[in-house]
Structure formats: C-alpha cells, structure tokens
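Same chain, two partners: chain A is paired with chain B first, then with chain C.
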Partner chain A sequence: MPKPLLEIDRLGVDFDLPGGAVTAVKDVSFRIHAGETLALVGESGSGKSVSSTAAMGLLPELARTHGAIRFEGEDLLAATPKRLRRLRGNDIAMIFQEPMTSLNPLHRIGRQIGEVLERHRGLKGRAARARVRELLERVGIPEPERRIDSYPYELSGGQRQRVMIAMALACEPKLLIADEPTTALDVTVQAQILALLKDLQRRDGMAILFITHDLGIVRHFADRVCVMRQGELVEHGETAALFAAPRHAYTRMLIDAEPRGRKAPVTADAPLLLEARDVRVRFSLNKRLFRPSTYFEAVRGIDLSIRRGQTVGIVGESGSGKSTLGRALLRLLDSRGDIRFDDTALDGLNASAMRPLRSRIQVVFQDPFGSLSPRLTVGEIVGEGLKVHALELSARERDARVQEALREVALDPAMRRRYPHEFSGGQRQRIAIARALVLKPEFLLLDEPTSALDRSVQATVIELLRDLQARHGLTYLFISHDLAVVRALADTVLVMKQGEVVEQGDTETLFETPREAYTRELMRAAFLEEAAA
Partner chain B sequence: MTTDTAVSTPDIAGDSLAREAWRRLKQNKAATTSLVLLALVTLACVAGPWLTPWALDEVDWNAFLTPPSLADGHYAGTDANGRDLLTRTLHGGRVSLSVALVATLVSLAIGVLYGAVAGYLGGRVDNLMMRFVDIMYSLPFMFLVILLMVVFGRNILLIYAAIGAVEWLDMSRIVRGQVLALKRREFVEAAHALGVKDRKIVTRHLIPNAIGPVIVYVTLTVPKVILLESFLSFLGLGVQEPLTSWGVLISEGKDMMETAPWMLLVPSVFLALTLFCLNFLGDGLRDALDPKTR
Partner chain C sequence: MLRYTLKRLLMAVPTLLIVITLSFFLMHLAPGGPFDGERQLPAEIEANLLATYHLDDPIWKQYLIYMGNLLQGDLGPSFKYKDFTVTELVAQGFPVSLELGFWAIGLALLIGLPLGIIAALKRNSTVDYLVMGTALAGVAIPNFVIAPLLALVFGVFLAWLPVGGWNDGAWPNLVLPVVALSIQQIAYIARMMRASMIEVLGSHFIRTARAKGLTETEVIRRHAIRPAMLPVVSYLGPAIAGIITGSVVIEQIFGIPGIGRYFVQAALNRDYTLVMGTVVFYGALIVLLNLIVDLIYSALDPQIRYDD
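Here is the complex of A and B:
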C-alpha cells in the first residue's frame, strides 16, 4: 500500500473554555492518498471543520490537541509556525464556505492571488500577472484579462468561489481542503463548481478533503466517506458501499433524512384563500430630488392563487425575487397589483387597517438566529402577537396560550423563560413557528424555513409543518431553493427566475416532466446524486 | 447530536430582565467593587463637606500650602490661600458628579430616542433629523455657551444644559447606526408581520438590542463631561470662586505641582477613582444586560 499523503492518527481537540474543557474532536483517524477525494460528513457541531482546521494549523489558541497529523510523514502538530506557513498555501490549500467574505474587498483579485504566488514562489510583476491570468482561465472565469483587475464586489458568488479556488490552486497544492465550498451557492452554480473541482483534480492529481453536510454531493463526488458525529468518527468506507449498506445507525439516519413523502391534495372546490394578480415590486436604485429615479423591478407581474389547505411552493435561485414576492403578499413591502385575502383586498390597506388581518396571516423566516430578538425570552417572543391581537387576555391567559403554542411545536413550555441563544437551530425554528401559531393563523408564509438547518433537523421540522397543516387546516406558501423539500410539501409549484414565473403547475407533473429548459437545469443541478447513482 | 425534543427543565420563577441583570451584576466582582466605591465617593461628596472641620472658603491663616497632616485638621493639606483641600475636593465632587450625572442622563434620554427614531423611520425624516444634528455639531461649543450666558445670565444650571445639549449628538449618531443595522434583521420584520406598532418596535425590539454600545459610550461620556465642565470653569464660564470642581482643582494643582504636589494629587485621585469605577461598572452592566452571558 502506498504511503498516504495525509494521515490523521487518533486526533483529539479540546477547547479550554471558561466553563471547563469541551471536547470537539475525539480519537479521529483517517488517511488520504494522492489523487483521491475523501468526504468528511457530519452535521453542525460534529467536529468536521475543527479536524480540517487542525490539519492547517489554524486552530484558535484555546484549543489543545493530541494525537498526530502527518503530512507526507511529517507531524504537523509538532511543526513550527514557520514551517506551517511554508506548507499552507503551498502544499496544502484551503477553500472556505463563504465566498462573499473570504476575499478582501479592498484588493483587486489579481493582487490577492498574486500574494500567494509572491509568498511561496517569489513571483512578482509581469510573471505573476501571467500566472494569475492562466489560473483564472483554468477556473473558468470569463475574460480573465479584464477580471484580473476587478474588485470582489464586481463578481458574483460563483465567480468569487472560483477566484478562491484559483488562489488555492496557485501553487499546485498536493492536498486541497474544501470546507463546504458550495453551501452558500445556488444549486446550478454548485454543480458547476463541483464539476470544476473534479476536472482540476483529474488534471493535477491532487487529493481533496471535502467537508460537507450534503450527502447528495458526497455520493456524486467522493471516493471515500468518513461520517462524523459529536467529534467521533462513526463510520468510514467506500462511497458506493457506504450508501448501499450503511452500518452505523447514524449514517442510515443521515441518508434517510432526505425529505420524503408527498402532500395529499385538497379537494378541487376548496375556496380561494389568497389571490394575487399582476404583483409588481420595484426598488429605486438611486433617489434623486428633481430627476426621475431609476428602478429595479424585483417582481414583474406575478399571478398567484392559493386555495384553503393548499401548499404552494415557490422555487428559484437567489435573486429570483421569490422572497420579495412573499413579503409583498404580506404587505411588508409596497407593491402594485391586486392582492385579495379571503374577501378583503389587501393592496392599499394602511398599517392600522392591515393590523386585524395580521393575526390570520403569519410568517416564518429562514434564519432561526436572526428572527428571534436576542433580548427577549422565548415566552415574550411567542406572546408578543397576543399583546397586539388579543388585548382581552390577562397575563395568565396569555401565558397559557404561549405554553399551548410551545407544546404544539414539541417544545417544553418550561423553557419559555429562557433566551433564544440557549436553543439549537432546530429549536429556534420551532420557536419561530410557535410565534406564528399562537395567533391561530389561517395562512402561513414559510420563507426558506428549513434552509439553515441540518438535514436530520430539517426532516423533523418538515414533519412538524406537515402535521400542523393537517391538524389546523393551514394554508402554506412555501418559498425555498431546495427542490427536494418543496417536492415533499407542495401541491403546486412556481418556478421563478429574475422576477418572473418561468413555469408553474402541479408538483408531480412539474417534477416529472418539466417543460422549460430552466426548470430542467435546476432539477439536474439539484438532484445530481440521482444522475450519478 | 442535540435532539430536537425539549429537555425538561424546572420552571424557573419569572425573573424580569432587570432583576436577572442585577443578579448577574452582583456576580461580577470588579463591577460590585466599583459600585461600592462609587457609592462611597458619592456619599463622601454629599456629606463630607459638613463633617470636615473647615468650611469651603474658610482661610486658615496659620496654614498656607501646608502638606497633609493629621495634627492640624487639614487631612489633605491646604492650598495657596490656606483653604482646606479635602473640604474643597469633596465640595468640588458635588459639582463634578452632578454635572456628569445630569449631562449624561440628558444625552442618554435625548440621544437614544432621537437616534432610534431617525434610524427606524429612515428616508427623508432620517435625512432631516441627521442634518439637524450636523448643524448642531457645526455650532462652536463656546459660542453656544456664551450665547446661553448672554440670554440667561451666569447660572450653574446653564452648564448642565449646555453640556447636555452637545453630548446627545454623539449618542444619537451611535444609536442611529445601530438601529439602521438592526431594523433589517428578521426579528424586526417578524414584529411587523405580527402587526406590532412602530412605537413598540422601537422601544421593545430596537433600543434594547442597541444597549451594548450605548453603555460603553456612556462610560466614555462621563469623563468627557467632567473635563468639559473644568474647561468651562477655567475660562470663567463655569463655576466661580469660592465654588469649585474637580477639574478646577486639578488645573490649579497643576500649576503648583512642584511646590505642593498634594494639590494635584488629592483631586486627581478622586477623579481617577471615579472614572475607573465607572468603566468597570459600565462593562459589568453591559455584560449583565446581555442574556448571552448568563
């Protein structure tokens, strides 16, 4: 057997925190050979990122490590900082999750890539520029000669991630550590980036350590898989074998966490609950005092009708206007066009005329960390709507309603005195759902409610939403970029692109036989694991 | 993996945020020590001048520029005019502390509200409100004070008013910046979706979340105000003899540094102690009011 490129041998990482030591990684061992792709899979908090940052020697000072990380036989944990700096960027390179913040916004991209070359290769001036241009060309940036002088803000998310890859590849590393490199990107862009990495790997023969929570990618992309849970390695093996016959219960649970099931359709004579005609939303780009402003139209004439008890899914990539449409329907944004809820025309209602209706129309947002005020207790957050809409309730009755809502979302009512930061992402999302439910609404706008959650948590939240809908006859408008989730929940689906509806129809028909090229492209990118399997 | 089903916990008796903050503040040693010291300094300044054997403007003809001694009753020495330094320092503390308190409260009240409203309403209203702040900034402070003197005559209340009228400008800018960032957060949007009134959104969601930087800034404002007062007094626009303040005493002491160091040291120690305590107390308060540091 050839010597492994990277060998992690019984690695342990502890963090010394004021409240005592916390073990982030416990006794983890794996190896990567040249030219191979190893996927490190796990949910948030499983220690997968900590393991890889340890390999780069980038752990925070609070961390204590034991075990060994051997790169070509050299123990990195024992290496001097100087030696590590020589290795980083040269032999081992890393790409991060967030392309929006990983580049320095004040420097041209040519200079940022050139910095690596100057540090490790001593390339400067014209030679460096030529090499940078070649790199940009290799990662598929159009017009590299012009883009080399662009600032990061001039590039799209996908292009920025390509620049990050170019930077990582600058010195032809032997090992590339990719920490969730596509999580922040749209599915179609994700597919392109993955194809690019695969292609580059084939040409240069580098090893890739791919860290992700997305099993779909793993199945498509990795040779071998390590599954991590709570800092421990629970299973590892060849990708195909592991997916075919997962040995550990946790692995099986992860694989099964893909959203399943379909929604039972409502009867055709169910009354219309929400109807919108020709909704348009525009934002002024520059306000001027005496000259006409220029506008950007985010939603361009959308028709929509939702029957009572129905779930309508809206899918689209970022910037397609799907969230803007949702906010416009709830009158959180000014829009043009007619919107009718039940028998009331919503357009043109001012804030106080809209207020009584607010208890019937509620919303759950994407980010469970941003949608709860950090300085209010859970009880105060959930009870806030009651203070507006049910003034007749005494404090005691209000408390009872809050407890009931928390029980409804399977949270212990005793937790209502705590603050949001003490809860996990999934629990917070349940709190947000409870806040909406406490008013007993008829219509719920769900704006990417599961996108920020781990797959297994996502499955439980989807189950909860489904259950609540069945119990209370709720009507959902479900906005998501995750086609698998929409498929599991929606009766009908709208596909949006650049503020317009590209295609709409019954969920099953649309997923089985998409008519438009754009829809097909979305599906291919989203269900790439099925194409590969 | 953390399971998503709730872990059963005993129902904690309903603690209000204020009571809980107080409990957390008490756990912070530096903050509680500071609080006790501040209380002692305040108490000394309020009650001290009555207890010392000398009056504020009483001249001891036997003791000019004498160093601190227990024997003659001048526990902190005397100044060049033979007046008891301890009495004067404690008396000066009354002026300095009250100016600090009043001006800071004024700046806090006006600044936080003004900034929060401007930031929340945004657009044209924000523009108008902030341009007014800019205009106030551009008025020279001295000019403002002299103007007030001309209109109302010399009065210690004017110092409070003048300093308060200037200090809230910074505060409103800080709060506005915070609110601008906060109002885009989803919890504010969720409040809109619940139909919460604008006034409630500002007072319940925006201001409490902007409290961290505000408290830090308050701890910076207090020393600034104390020094501002001494600057005014130095120019003859603030408190006048025989009344005094810490700033005035320090500025007098500075001139006598080589011959009578105690004239500089005694008021300086009081001022430094107060500012130290305020900083620690401010830090403690900020942490205590943040539920995350529980």
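Here is the complex of A and C:
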C-alpha cells in the first residue's frame, strides 16, 4: 500500500471556553491518498469542519490539539508557523462554504489570486497576470481578461466560488480541502462547480477532502466516506459499499433521512381556497422625481389556484421570483392582478381591511435563527398573534392555546418560558410553525422552511408538516429550491424562472416526465445525474 | 462623480437655509440687544444706531434684509468690532481655527488608529485593557476640564509651555490646545478602530488570506486595515464638526484668536451679524466636509460609486 498523502492519527481537538473545555473532535483517524476524494460527512456540530481546519493549522487560539496530522509523513501539529505558511496555499489549499464573503471586497480578484503566486512562486507583474488569466479561464470564468480587474461584488456567488477555486489551484496543491463548497449555491451552479472540481482533479491528480452534510453529493463524488457524529468517527468505507450496507445506526439514519414518501391527493371537488390571475410585481430600480423610473419586473403575470387541503410547491433558483410571488399573494408586497382568498378579493384591500384575514393566513420563513425575536420568550412569540386576533381570550386561555400549539409541533409546553437562543435550528422552526398554528389558520405560506436545517432534522419537520396538514385540513403554498423536499410534500408544482412559470403540473408527472428543458436541467442538477456521468 | 458632487452641493442650499433661518430667529428671541451695555446710551443716539442697522424694523423685515445682503455675499458689519466687517473677522479668525483643527484631527488619527489596531490585535490582554480604559476616560472627561488641567500642569507647574496666546501659531503655543482638542477624538477613534478591526479579523476573507499562507503581518496590512478603517472614515465628518465646536471652548480657554472665540463673544455681546456670520460659515464648512468624507469613502470602497 502506498504511503498516504494525509494521515490523521487519533486527532483530538478541545476548545478552552470560559465555561470549561469542550471537546469538538475525539480520537479521529483517517487517511487520504494522492488523487483520491474522501468525503467527511456529518451534521452541524459533528466536528467535520474543525478536523479539516486543524489540518490547515488555522484553528482559533482557544483550541488544544492532540494526536497527529501527517502530511507526506510530516506532523503538521508539531510544525512551526513558518513551515505551515509554506504549505498553506501551496501544497494544501482550501475553499470554503461562503463564497459571498470569502473574498476581500476591496481588492480586485486578479490581485487576490496573484497574491498566492507572489507568496509561493515569487511571480509578479506581467508573468503573474498571465498565470491568473490562465487560471480564471480554467475555472470557467467568462472573459477572463476583463474579469481579472473585477471586484468581488461584480460577480455572482457561483463565479466567486470559481475565483476561490482558481486561488486554491494557483500553486497546483497536492491536497484540496473543500468545506461545503456548494452549500450556498443554487443546484445548477452546484452541479457545475462539482463537475469542475472533478475535471480539475482528473487533470492534476490532486487529492480532495470534501466536507459536506449532503449525502447526495457524496454518493456521486467521493471514493471513500467518513461519517462523523459529535466529534467521533462512527463509520468509514468505500462509498458504494457504505451506501449499500451502512453498518452504523447513525449512517443508516442519515441515508434514510433523504426526504421520501408522497402526499395523499385531495379530492377533485375540493373547493378553491386561493386563486390568483396575472399577478405582477415590480420594483423600481431608481426613484426619480421628474423622469419616469426604471423598473425590474420580479413576477411577470402568474396564474395560480390552490384547493383546500392541497399543497402547491413553487421551485426555482435564487432570483426566480418565487419568494416575491409568495409575499405578493399574501399582500405583504404590492402587486397587480386579481387575488381571491375564499370569497374575498384580496387585491385592493388596505392593511387594516386585510388584518382580520391575517389570522386565517400564516407564514413560516426560512431562517429559524433570524425570524424569532431574541428578546421574547417562546411563549410570548407564539402567543403574540392571539393578542391581536383573539382579544376575547383571557391571559389564562391564551396560555392554554400556546401550550396546545407547542404540543401540536411536538415540543414540551414547559419550553414556553425559555428564549429562542436555547433551541436548535429544528426546534426553532417548530416554534415558528407553532406561532403560525396558534391562530388556527386555514392557509400556510412556507417559504423554504427546511432549507437551513440538517437533513435528518429536515425529515422530521417534513413529517410534522404533513401530519398537521392531514389533521387540520391545512392548505400549503410551499416555496423551496430543494426538489426532493417539494416532491415529498406537494400535490402540484410550479417551476419558476426569471419571474415566469416555466412549467407546472401534477407533482409525479412533472418529476417523472418533465417537458421543458429548464425543468430537466434543474432536476439533473438537483439529483446530480451529471456529476455521476 | 462630478454630477454627484454638484448634486450634493445643490442639496446643501436648503440645509443652510434652514440653519440660517432657525439661528436668526432664535438669536433675536434672546433678551437684550447689541447696544445694551453697562452704561445706558442717550435715547436719541440709541434710536439712531437702531435705525442705521435696521434694528427698529419688524423682525421679518430684518430677516429679509439680512437674506438679501447674504445673497450678495455681504455678512454685514460687526456691532462690537466697529472697524471691521464680519467677513473680515471670519477671514482673520478662520486660518487660525483651521490650523488648530488640522493638527488636532491629524494627531487624533495618528494616535487613535494605531492604538485601536494594537488593542484589537492584543485583544483581552493587559495592553488592550490599558488602552481601552484610558480611552474610556478620554471620552468621559470633557475638554473644558482637560484644557485647564493641561495648562496648569505643563504651563504653570512645569512651565514647559505657554499657558495661552497664539503667537502666530508658533509650535509651543500650539501644543496644549491641539492636545486638549484631540484627546476626545483619539479616544473615540481608538475605540471605533478596535471594534471594527476585531470584526474584520473574524471575517471570512481574513480566513482566506491566512489559508493562502500569508504571514500575519501581510494579512493585517493588506487585508484587514483598509476595510476596518471604513467606519472611521464615515465618522470623520462628525469628528471634524466636533473639533470645530470643541475649538469654541478651547480657543476661549487658551486665548486663541480663532473664529470660535469670536463666536462665543459675539453671542454674549448680542453681536447679531457676527453670530450669523459664524453660523453661516460653520454650516457651510460642515456640509462641505461631509461631502469630502463621502467622496473619500467611495475611493476606499469600490462598492460605493456615486454615478447618478
């Protein structure tokens, strides 16, 4: 057996925090050989990012490490800072999860890539520029000669991640550590980035340590897999073997957590609850006093009807207008076109005429961390709507309703005295759902309610939503970029692109036989058929 | 850029108009007038004086006359310094105040920025606590307390520096007022730079810079300082305004013939035209400085381009 390129040997990482030491990684060992792709899989807090950051020697000062990280036989934990700097960006390079913020906003991208070449190869001036242009071309940035002088804010998320990759590849590293490199990107962009990495790997023979929570990517991308949980390595093996016969219960749970199941259809004579004709939303790009403003049309004439008890899924990539449409339907944004809810025409209602209807229509947003006020207790957050819409309730009755709502979402009612920061992402999303349910609404707008959650948590939230719908006959408008989740929840699906509906239809038909090229492309990217090929 | 600058200058007109109008009426609300002294003037002389300066007209008429003159660039004569026009007094006092302010803001940046950077790099160490503790004291103690103390220690007890006077801006005369004026700003800038630097050091692009294998010095010098300075730059507008108003007190304490001292004395003497003259001048200056600060900001941050 050849010598491994990177060998992590009984690595442990503890953080010295004011409240005592916290163990982030415990006794983890694995190896990567040259040219191989190893996936490190786990949910948030499993220690997968800490392990890889340790390999770069970039842990914060509070961290205490033990064990060994050997790169080509040399122990990196014992190496001097100077030696580590020679390796970083040269032999070991890294790309990160956050393409939007990982580049310095004040420097041109050419300079940021050139910096690596200057540091490790001594390249400057014209020679450096030529090499940077070549790198930009290799990672598929259009018009590299022009883009080399762009600032990061002039590039999209996918392009910024390409720039990060160009920066990482500048010195032809032997090992690339990719920490959730596609998590923040749209599915079609994700597929392109993964294909690019595979292609570059094939050409340069570098090894990739790929950190992800997404098993779909792992299945198509990695040679071997390590599964981490709570700082420990619970299972590792060849990708195909591991997926075929996971030995550890946690791995099985992760694999089973892929959303599955289908929603039972409603009867064809179910009455219409929400109907919209030719909805249009436009934003003015610049307000001018005496000249006509220019507008950006985010939603361009969309028709939609939802029957009682139905779930309509809206899918699309960022900027497709799906969230804008959802907000317009609920009159949270100004729009044109007819919108009817039950028997009431919503368009033309002002804020106060709309208020009585608000208790029947509720919203759950994507970000379970930002959308709950940190200064209110869970009970106050959940009960707030009752203070507006159910004035007749006494404090005691209100409290009873809050407890009931928390029980509905499978949370302990005793939790209502605590504050949001004490809860995990999944629990917070349950709180947000309880807040919506407490008013006993008929209609819920779910705007990416599961996107910020780990897969296994996601599965339980989907289960909960389906269960609530069955019990209370709720009607959902479900907005998501995650096709697997939509498939598990929706009766019918609308595919949106640039403010228009590209295709719509019954969920099964649409997923089995998509008609439009764009829908097919979206599905191929989402289920990663391209990366497998 | 040019269009933006012109637009901003145009927008300054209503701002100044409001400032001038408000101060004009507020000033006339204060009891007394320019010719009320310890010695009562004979009635006919006072009547003559009032008529000469239109002070016997109704207030709205006085306002219109003042605005009319102002449009022609005439700030009027001073009631107290009878041999000078207000324009002459401002022209005399401004270079002095400008020199004082220039050194004070320069000193504040020169000391405040490095202190803030060092405190951020040595976060939660003795150095950090020392710098931030001193800075807190600097923010808390008002300059009318610091200035006499400085004069007492360095001027009277140690006798190293003159306690007051201008002496055409000779450096020994400059030191104490400049230091007194800048202490508060040093403290503000150091605290702001520290906070902003800590935030930048925790950002993702600093992690990227480290992952490139740059040395810590390179990381800080090339990637951290400039973004960390952005909030300080936007604070410079208010800071300069603070130094200008601060100099009103400092000039009085150190007996410096700047525009600030005229301002205080004019207000006490009900020297209406001189008060208005300094208000107009200060107002215009602050508007202009804020514009300059915004232009500097756009030069530092490529995401901010004023092209409309």
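Keep this in mind: the second predicted complex is superposed on the first by the 528 of 533 C-alpha atoms of A that agree within 3 Å, B and C clash if a C-alpha of one lies under 4 Å from a C-alpha of the other, contacts with A are read in each partner's own complex, and residues count from 1 in each chain.
The rule is short, and it goes like this: contacts are C-beta pairs under 8 Å (C-beta built on N, C-alpha and C of every residue); 3 or more make two chains touch, one makes a residue touch a chain.
Small disclaimer: the values here were computed from a predicted structure and weren't measured.
**Student:** Who does A:N90 touch here: chain B (first), chain C (second), both, or neither?
**Tutor:** Only chain C is touched by A:N90; chain B is not.
**Student:** Of the partners chain B and chain C, which touch A:D342 in the superposed model: first, second, both, neither?
**Tutor:** A:D342 contacts neither chain B nor chain C.
**Student:** Return first, second, both or neither, reflecting whether A:M164 touches chain B, chain C, both chains, or no partner chain.
**Tutor:** After superposition on chain A, A:M164 lies in contact with chain C alone.
**Student:** Where does A:R119 make contact in the superposed view: on chain B (first), on chain C (second), on both, or on neither?
**Tutor:** Once the two structures are laid over each other on A, A:R119 reaches chain C alone.
**Student:** Considering only the touch criterion stated at the top, classify A:D27 as touching first (chain B), second (chain C), both, or neither.
**Tutor:** Neither partner.
**Student:** Name the chain, either chain B or chain C, that contacts more residues of chain A.
**Tutor:** Of chain B and chain C, the partner in contact with more residues of chain A is B.
**Student:** Regarding the shared-chain residue A:T101, is it in contact with chain B (first), chain C (second), both, or neither?
**Tutor:** A:T101 sits against chain C, while chain B stays out of touch.
**Student:** Report the residues of chain A in contact with chain B in the complex, numbered from low to high.
**Tutor:** Residues 43, 45-46, 229-230, 250, 327, 330, 332, 351, 354-356, 358-359, 361-363, 365-367, 370-377, 381, 384-385, 388-389, 410-412, 414-415, 417, 419, 421-422, 424, 426-427, 430, 432, 435, 439, 456-457, 460 of chain A touch chain B in their complex.
**Student:** Contact residues on chain A for chain C in the complex?
**Tutor:** So the residues of chain A touching chain C come out as 56, 58, 84-90, 93-94, 96, 98, 101-107, 115-116, 119-120, 151, 153, 164, 167, 286.
**Student:** So in the complex, which bits of chain B are touching chain A?
**Tutor:** Touching chain A: residues 1-2, 4-12, 14-15, 17, 185-187, 189-198, 204-205, 208-209, 211, 289-292, 294 of chain B.
**Student:** For the complex, which residues does chain C have touching chain A?
**Tutor:** 203-205, 207-215, 218, 222-223, 226-227, 300-303, 308
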